[in-house]
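Each of the next two complexes has chain A plus one more chain, namely chain B in the first and chain C in the second.
Take a look at the complex of A and B:
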């Protein structure tokens, strides 16, 4: 393998990692604020991608790419808010087993409904004309759309940081993580805040799904394949930590790139080995805080 | 066991012994599947319901049990009658090793570590093409002819499952089983009282893995095939779901759950494409409104 194709392989792994970060950030945000494990997070990703494909197909080829990229995650976020009101709200303080099974049940239902609504065929969405080309650097042609996905992930990371640390909304979320009752006593509407956080998590999953549409075929089964990857990233980084999600995505991107370069057949096994290794050395992930008092036993 | 429960078990056994002479072959195979699933779910419930350890990785041991029988045949390592009893031993050994690592983490992280191990073994089964035939799986005449015909096959499965469940029942209601329940209820207090919590958890994990491996070996008797999806996390979720639907706080819960799940699955798959939707909705209702599962619907049922 020469230098140019190696560089393209690495860029492709970085793109996967960048997109995984966007999805994992949503998972981590929801866990950090609401303390729930959402196994239906992959379903939001799939719904985002499917909505993207459907909205895109409404207009003449290429015209609706940017509106669809924004609208698909927004619609999914609205759907997420409804599910939070109806279901997730009931299980914030339930055992992990209840949370895992409720969200798993939901993912089964959503997978079936998506199959009903969109069918079993996979769809494709071409990248917009402006990003369809390649950027030539030193004899290697890097796909522009890959660079866009990486830039989008950076923007999401910065945006989330600013949201959590520079706005009133972020201040309230962090306060709710520390002490929901206290915040409630201060007159804040904590349930509405939680709905908003859950919707934001769904938005991020769907944004990841919509952004990945030009890179792969869109169809059923996307939900469970991404879920395991997103969980690995979040767990390696430390559940609840956005910076951890970025670090976890970087670790997985690196392991995957090295794996594909040298031992392609073993690349998937390396990812699980990386997760096992990290958890054995640091049981709460690289940047995760030990579990909060009231989520512990006794 | 209370007299009523004894009578119930005896009656159920009589029904099962009569089944091959009453049921059509198709339904006999459904029942055989349900028996294997019942063992798989009861073994998983030793962790989930009894010890309070939520494992999403028991398919690893189920799959290892299945692959033990299949690989022994494929490579001519051992005859079936040697490979079959070896399956739970090998699965138990692997459970001992992975449990020693996974049990370092607690609660949610434990669940995710077991899930990672399950996926790791799944990837290994798929990638070690020269040994396992990869994603194609292994199929062929790996089971003695006698066990392939429906009636002897059913009686063999029934005998093994009954013996294994009797053993599991003994374990669950022994002082060891009570200690596991103490760990589930108050881990710190159990430790303070001088219980070797870590050793008990590892022993439970190993035992559960061995019984899951036995269930996997029985799966091969039933289907004469082994393939990588027997080890993945979706398969790992199955015994947990079955146990929860049946009720995790009693020994009988997972057994009822398995019977219900298998019959509902096999009946619905024929009728509709929406099996997943029905299962999801059912699970949702159980989790939200009937956390005790099916057994909690029976009035005045004693535990055990």
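Take a look at the complex of A and C:
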């Protein structure tokens, strides 16, 4: 394998990792604030991708790419908010098994609904003309769209950091992660905040799905495959930590790139190996949030 | 101002409060005395809507608040400075204060910082790294910024050094002069009765006795039920 193709392989792995970060950040944010493990997170990713394909197809080829990239996650976020109001808010105080059952059942229902609404055929979305080419560096041609996905993930990471540390909404989220009751004593409507956080998580999953549309075929099954990867990323990074999700995605990207270069057939196994290794050394993940210190039954 | 009428409160299936009634009139400082597990914190949780009462009524300024969510009760004019280390430890002091501030009342951030100048000095520090006295200051400041007309203080002297307890007494007198009514749960009866107009003694989820401070100070059961004085007390509170 020569230098050029190795560099392209590494970029491809980085692109996967970058997109995985966007999705895992949503999963981690929702877990941190709401303390629910949402197995339907992959469904939001799939719905984001399918909506992207459908919205894109509404216009003349290529015209609606950017509006669809924004609108698909927004619609999914609204759908997420409705699900939170109707279902998830009833189980915040329930044990984890109940949460797993509800969200797993929901993911099955959503998968079937998607199959009915969009059919079993795969769809494709070409990248916009401006990003369709390659960037030549030292004989290697890097796909521009891959670079865009990486830039988007960096922007999401910076945006989330700014949101959490520079805005009142972000302070409320961080306060809710620590002590939702304390936040309600500050006169803040915590149930409404939780709806917003859940919608933000769905937005990020769908943004990952919409952004990945030009890189792979869009269709049924993409929900469950991404869920496993997103969970590995958050478990490695530590559930509840955005920085952890970034670190976990970086670890996965690196392991995947190295695996693809040296032992391509074993590459998927290395990811699980990395997770096991991290869990043996640090059971709560690299940047895991500690358990909430306070509960109703003191 | 606040009327709690025969409330019953449960944690799951355990019956914690059994027919608790008490009242606070505008301008009063009322103390709720009792040992660990007597039900003081639970009474506050019920008033604030954190653990709603299953039976009975709670009225604030002639408005029923029994079944309102906590944030609505706070916005109706009730504040709670909880016991223990209940701050947003990962947030800075400044962020803690900014989160707590609600508009439309007398307690602006400037006024609260004038009452607690120390908080301005430590504004960029994370709340988890504050001393016991600084944490108590921040908890009270946070509660004030939500513009309460009645402030509930749960174990304000808990874990404080004697010199800080004296300082706390000064803060509370200052807040009272500003027209704030106070309902305070304490195990340190001597500290509490020096500040209060009236008090209630709780035991096992019921009100055992009610009276003026002088009546309570001479009541014989106080000596047996309460540690009278700033003695070493356990850190945990029910």
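Operating definition for what follows: the second predicted complex is superposed on the first by the 292 of 298 C-alpha atoms of A that agree within 3 Å, B and C clash if a C-alpha of one lies under 4 Å from a C-alpha of the other, contacts with A are read in each partner's own complex, and residues count from 1 in each chain.
By definition in this document, contacts are C-beta pairs under 8 Å (C-beta built on N, C-alpha and C of every residue); 3 or more make two chains touch, one makes a residue touch a chain.
These figures come from a predicted structure and were not determined experimentally.
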item: Touching partner for A:172 - first (chain B), second (chain C), both, neither; value: second
item: Which of chain B and chain C A:266 touches, first, second, both or neither; value: first
item: Contacts of A:181 with chain B and chain C, given as first, second, both or neither; value: second
item: First (chain B), second (chain C), both or neither touched by A:86; value: neither
item: Contacts of A:239 with chain B and chain C, given as first, second, both or neither; value: first
item: Chain B or chain C, by number of chain A residues touched; value: B
item: First, second, both or neither for A:279, with chain B first and chain C second; value: first
item: Touched partner set for A:104, first chain B, second chain C, both or neither; value: first
item: Contact residues common to both interfaces of chain A (with chain B and with chain C); value: 297-298
item: Residues on chain A engaged by chain B in the complex (per definition of touch); value: 37, 87, 90, 96-98, 100-102, 104-109, 111-113, 115-116, 224, 228, 231-232, 235, 239, 265-266, 268-269, 272-273, 275-276, 279-280, 283-284, 291, 297-298
item: Chain C - residues contacting chain A, complex; value: 11-12, 41, 48, 50-51, 69-71, 74-75, 79-80, 82, 84-91, 95, 98-100, 102, 142-143, 146, 238
item: Of all residues in chain B, those that touch chain A in their complex; value: 48, 54, 56, 101, 104-109, 111-113, 115-117, 119-120, 123-124, 127, 186-189, 233-234, 237, 240-241, 244, 273-274, 276-277, 279-284, 287-288, 291
item: Residues on chain A engaged by chain C in the complex (per definition of touch); value: 168, 171-172, 174-175, 177-179, 181-191, 293-294, 296-298
